[in-house]
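Each of the two complexes below includes subunit A, the first together with subunit B, the second together with subunit C.
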Partner chain A sequence: MTTLGEVALWIALPIALWGTVLSFAGGRTGRTDLVLSGERAAYALTFLLALASAGIVAAFLGERYEFWYVASYSNRELDTYFKVAGLWAGQRGSLVFWTLLLSGFASIAVFRNRRRNREFMPYVSGTLLAILSFLLVVLLFAEVNPFERLGFTPANGRGLNPQLQNYWMTIHPPTLYLGFTAFAVPFAFAVSALLTGRLDSRWIAVTRRWILLSWFFLTNGIIFGMRWAYEELGWGGYWFWDPVENASLLPWLTATAFVHSIQIQENRGMLKVWNMCLVVATFLLTIFATFLTRSGLIESVHSFAENLKIAYIFLGFLGAVAGICAVLIIYRLPLLKGESAIQSFVSRESAFLFNNLLFVGIAFAVVWGTLYPLITEGFFGQKINVGPPYYNRVNVPAGLILLALMGVGPVIAWRRASKRNLRKNFALPVAAGIAVAGALLALGVRHWAALSTFAISAFVLTVIVAEFWKGTRARARISGEGRWKSLLNLVGRNRRRWGGYVVHAGVVLVFTGLAGAAFDVAVTQELAPGESVAVRSAFGHEYSLTYESLSHSRPRASAANRENDWRWTALVTVRRGGERLAVMRPERRFYPVMDQSSTEVGIHSTAFEDVYVIPRDVDLESGAERVVFEVKVLPLVPWIWYGGMIVAAGALVSLWPAGVGSGRTAAGGRVPGAAAGQAA
Partner chain B sequence: MKNRRFLVGLAGVAAVVSYLMWTGVRDSMVYYMTPAELVARIEAEPAFRDVGVKVSGRVVEGSWQRLPGPEHEFRVADLADPGVVFSVRFDDVVPDTFNDRAEVVLEGKFGPGEVFEARTVLTKCGSRYEAAKEDFAT
Partner chain C sequence: MMAVAGGIALAAGVLLFVLEPLLSGRGAPAYGGDDRHDEAAARRRVALAALRDLEYDRATGKLDAEDYAALESDLSREALDALGAAAADMPEDPAAAALEREIAAVRQALREGLQCGSCRHVNASGARFCSRCGDPLGAAS
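And now, the complex of A and B:
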């Protein structure tokens, strides 16, 4: 299986190159046989890359430690599902996985459009195959081949880093990669539109659902990453402005800007050049993220000297793509002229424009902060880092304005808003915001950023609820349906709009959750068994945590010599106001193969706050079993995860195919592909 | 007309963002050095002892001592030039991935003494952990 996978990788490259050439040639000459051959190359690549990926997984499961990659990211004692996840645990495997997902999306795009949008398709498949060719060249020639052999077979592998041994590890990277790779499809359509000169909103209409799909996965991927950090890294936070986190945020920022700005192009025929730039920038950032995440370029230029080769290859590719797209956009400038102009600052266009500028501004600030060590080293010969305060300084105000715009943009009128439009839509929400601000001030809240977040959130939520209310009432009046039925039909008729509102409501919840960090409480105390520590949360709840006992467990006792980790588990009872809430089992683990320890925190979630217990240090020498606990009460953190789920649900509503759901029949409904079939 | 407004908006947002970025960099910038660079800089400019810096190096094997507290003492060597070594004191809990071969990033300053007073100790991030080919040979 592994040999087959290795061979598949080698066969894939000529097929990708062949398909690229044929697709572009077919587009140029209009010969359908060439185009068809190019499209079949995409299917073949998906198959071959699936084989290659299966080969890697087989090597992990078969404990084939003669392969450098397998030996570096696994050991005999590792759980099976972490062995499967070994495919994306390191740079080499994740490149194969990335390529597999991209080829899969390319195949889906080609298949779904096999009878539609024929003017675009040759260049779409050509562009996607060109990207795939590049990735395959990297895999085979940039010393990152996952099938590279060590030349001897070690008795055991080095093991997977303990911090990656968490179930989010099996979920978070694939989700993010799905988001990164799905965006290649809109990018390919954009390039195709530039090449063919068909620069109306058609390419956007065709790829709208792809854009939303990518956005859906990116958003979830980032939130899953935050959860992973929160549960596994054990410092009670979820975001550290680490270069790797920033890398995943950057394409999300530009993609979010793009999701909004395409609406202006579709409705008003404006911002065509801007949209082209955004789609190209987002695609470049997805590639940048992939390569930054796994190359270690930012933090350790010195220690990763051997990896600089791949850095130069990727930078060259990014430069080439940026250059080609710039030339194409300049060449097509006459066709990218706006069809109308902004008439007033108080209009929806203007709100969307402002939203875009802020997203791009944030993205720029994040790029700057992330690359600052490289920039200062290049210019002054001295690396200088910037920390979280830098990012907060820029992004907190910008984020708050964006939050407020979420309340303004959807209801303000196109072109020019009248005083009446403003009064009608904003009087109540503004009052709600002021009321919340006043109430919080009266309660003694003086943290300005958190206070503004809660007040603006109240404003935005009121706008959204009022929109749903008005829409449902109007529909119920006209159609005579009941409230709930008309709400469902309302959403069904314009999923994109109402789904967007649901996304906004989720984002509001996420923002309030983030603002909760202003009220974190933490206590560190060393306890002997039987002793307790008391904490008072920002909501005024009195928690008491009792350290009951310590147990040294050997979870895989049946296979005594096959232990992946040893565990010391503390039993901690949580009480609130005397009432027993839960028993937590925070752990210290030691991974003998890796010679590393790790902490598993205990988390007890309530609706409004999390009790978060970190066993900092376990005294094993004296036999007294004393443990240093850090106890945190983190208000509103659960709201981030709830908000994330609502965002995901809203995004799904927006991108769900129009035929499904509303057109459901007794026979089980229509499948997404059916629409394409019927078009024939 | 449209272009001018667009440009005014762009310039306005760019100006505000740049201002915030500039003050943000000014208030949170930290030198990121290797031990060799730090030692050389302090020799040339003794006042640099009191400047907070980030230093990346490797913990010297066998040098890690745990004192009651939780307090830790260890020595850190330059990655490229293992001859450059200095002592570090840290009075908090070290990260899980810390051991006496770990590659670490310290944040802190020397102050008046010969021991680097670390305010934070980070170990190099997990997802980029990779073994060199030679590591398997032993």
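And now, the complex of A and C:
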């Protein structure tokens, strides 16, 4: 199996190059046999890369340590599912996995458009195959072949980094990669639109659901990553503005801007050049994120640092793509003229535009902060890292304005909003915001950023709830349907809009959760068994944590050389006001093969706050079993995860195909444009 | 030996699959201008959807008569322009038809006087007095 996978990888490159050349040639000459051969190449690549990936997984499961990649990222003691996840544990396997996902999406795009959008398709498959060719060249010639042999067979592998031995590890990277790779399809359609000169909003209508799908995966991937950090890195936070985190955030920022700005192009025929720039930038950032994560160019807590050669190859590719796209956009400028102009500063268009500027502004700030260490090293010979204070200073105000815009957008009129329109729709939400701010001030909250977040959140939520309420009521009255049926039909007939509002409601929850960090409480204390520590949360809850006992375990201790980890587990009882809430089992682990230790925190979640226990140090020498605990009470953190789920649900509503669920409605049927636009 | 044979078989199979169109002369469907109406249809649908939302905005009281009138004339013109831009043989567009029906339904409801002339509240069908302000219903608003 593994040998076959290796062979498949070598066959894949010529097939990808062949497909690229034939697709473009077919598009140029109009020869459909060349186009079909190119499309077959896309299908063949998916098959070959699936074989290659299966080969890698088989090598992990078969403990084939003669392969450098297998020996470097696993050992005999590792659980089976971490061995399967070995496919994306390191740079080499990740690249194969990335390429597999990309070719899978390319095949789906080719298959779904096998009879429609034929004008675009030769160049779409050509572009996707060109990207795949590049990745295959990297895999085979940049010293990152996952099938490279060591020349000898070690008795055991080096094992997997303990921080990666967490179940989120099996979920978070694939989700992000799905988001990164799905975005290549809209990018390919954009390139095709530039090449064919068909620059109306057709390519956007065709790829709208791909864009939302990519956004859905990116958003989930980032939230899963935050959850991983929260559970595994053991410092009680979820975001550190670490370069690799930033790398995943960057395409999300531009993709989010893009999701909004395409609506202006579709509705008003404006922002065509801007949208082209955003789709290219987002694609480039997905590539940038991949190489940043896996190149070790910038030091990071992820620091799975490896091979610099590949970094330069990726940078060259990024430069080439950016250059080609810039030339194409400039060449097509006459066809990219806007069809109308913004009529008033106070209108939905300008709210969207402002939203876009903020997203792109934040993206620039994050790029600058991420690359700053490289720039200072290049010019001054010294790496200077910027930390969370820099990012917070720039991004907190920008984030708050974005949050407020989520309340403005839904109710402000397109084209030109009158003062009456503003008064009518903003009176109640603004009053809600002011009431919340007043109440919090009266309660003694003085943290301005958190206070603003809560007040603006109340404003936005009021707007969203009022929109749903008014819309449902009007529909029920006019159609004579019941409330629930009206609500379902309301959403079903305009999924993108109402799904978007659900996403916004989720984002509001995430923001309030983030603002909760202003009220974190932490106590560090060394305890002997039987002793307790008391903490008072920001909500005024009195928690008491009792360290009951310490146990030591050596899982799979039957054979001395088959131990993945040793564990010291503390038993901690959590009480609130005398009532016993939970028993936690925070751990210190030691990984003998890796000679590394790690912390497994204890988390007790309530609706409003988390009790988070970190065993900082375990005293093993004196035999007294004393443990240094850091106890944190983190208000509103659970809301981040609830908000994330609501965001995901809203995104699903938006991208769900019309005609599923509430029957074939507004965009159902086989309308040429609607069918292709909805289902491409 | 097995591996070599497997590799050769794999390569041969993939090559055959990819080269078959060239050998047999079979081609992918070509672009036949079959979506030439799509842009006009899409524009019409966008304008109609915006009109539909506009009707609801009026019904929910988000827009008053003046704002409504200004936007309505713009959007209706765009919907008509889009229809005009397409050739006469533009196929029937059920999505646009559904939107038009929806718009008509809202307009009819408003015409029948379900929306209160004074406070813009939309009342249940059959109502004779506004359930919010008590004014008599019936006059077109």
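What to note about this one:
The criterion applied here is as follows: the second predicted complex is superposed on the first by the 650 of 680 C-alpha atoms of A that agree within 3 Å, B and C clash if a C-alpha of one lies under 4 Å from a C-alpha of the other, contacts with A are read in each partner's own complex, and residues count from 1 in each chain.
The rule is short, and it goes like this: a contact is a pair of C-beta atoms (placed from the backbone, for glycine too) under 8 Å apart; a residue touches a chain by one contact, two chains touch by 3 or more.
Note that this is a predicted model, so its numbers are computed, not measured.
Clash-free side-by-side placement of subunit B and subunit C is the outcome of superposition onto subunit A.
When the two complexes are overlaid on their common chain A, residue A:71 makes contact with subunit B while staying clear of subunit C. In the superposition on chain A, A:494 makes contact with subunit C only, not with subunit B. Once the two complexes are overlaid on the shared chain, A:618 sits clear of subunit B and of subunit C alike. When the two complexes are overlaid on their common chain A, residue A:598 makes contact with subunit B while staying clear of subunit C.
Judged by the touch definition given at the top, the superposed model places A:341 against subunit B, while subunit C stays out of reach.
When both complexes are overlaid on chain A, the residue A:387 reaches subunit B alone and has no touch with subunit C.
When both complexes are overlaid on chain A, the residue A:361 reaches subunit B alone and has no touch with subunit C.
Of note, the Cα-centre angle with subunit A at its vertex and subunit B and subunit C at its ends comes out at 150 degrees, rounded to the nearest 10. Taking every C-alpha atom of subunit B against every C-alpha atom of subunit C, the smallest gap after superposition is 19 Å. For subunit A in complex with subunit B, the residues that touch the partner chain are 68, 71-72, 89-91, 150, 152, 154, 158, 161-164, 234, 242, 244, 270, 293-294, 296, 299-300, 302-303, 338, 341-342, 345, 350, 353-354, 357-358, 361-362, 364-365, 368-369, 372-373, 382-394, 397-398, 595-599, 616-617, 628.
Interface of subunit A with subunit C (complex): residues 3-4, 7-8, 11, 15, 18-19, 26, 30-37, 39-41, 43-44, 47-48, 51, 114-119, 121, 200-202, 205, 266-267, 411, 413-418, 420-421, 424-425, 470-471, 473-475, 477-480, 493-494, 497, 665-669, 671-674, 676-677. The touching residues of subunit B, counted against subunit A in their complex, run 1-2, 5-6, 9-10, 13-14, 16-17, 20-21, 23-25, 27-34, 37, 54, 56, 70, 79-80, 93, 96-97, 99, 103, 105, 124-131, 133, 135-137. Across the interface of their complex, subunit A is touched by residues 3, 6-7, 10-11, 14, 17-22, 25-32, 34-35, 37-39, 41-42, 45-46, 49-50, 53, 56-57, 59-64, 66-67, 70-71, 74, 91, 93-96, 98-99, 102, 105-106, 109, 114, 122-125 of subunit C.
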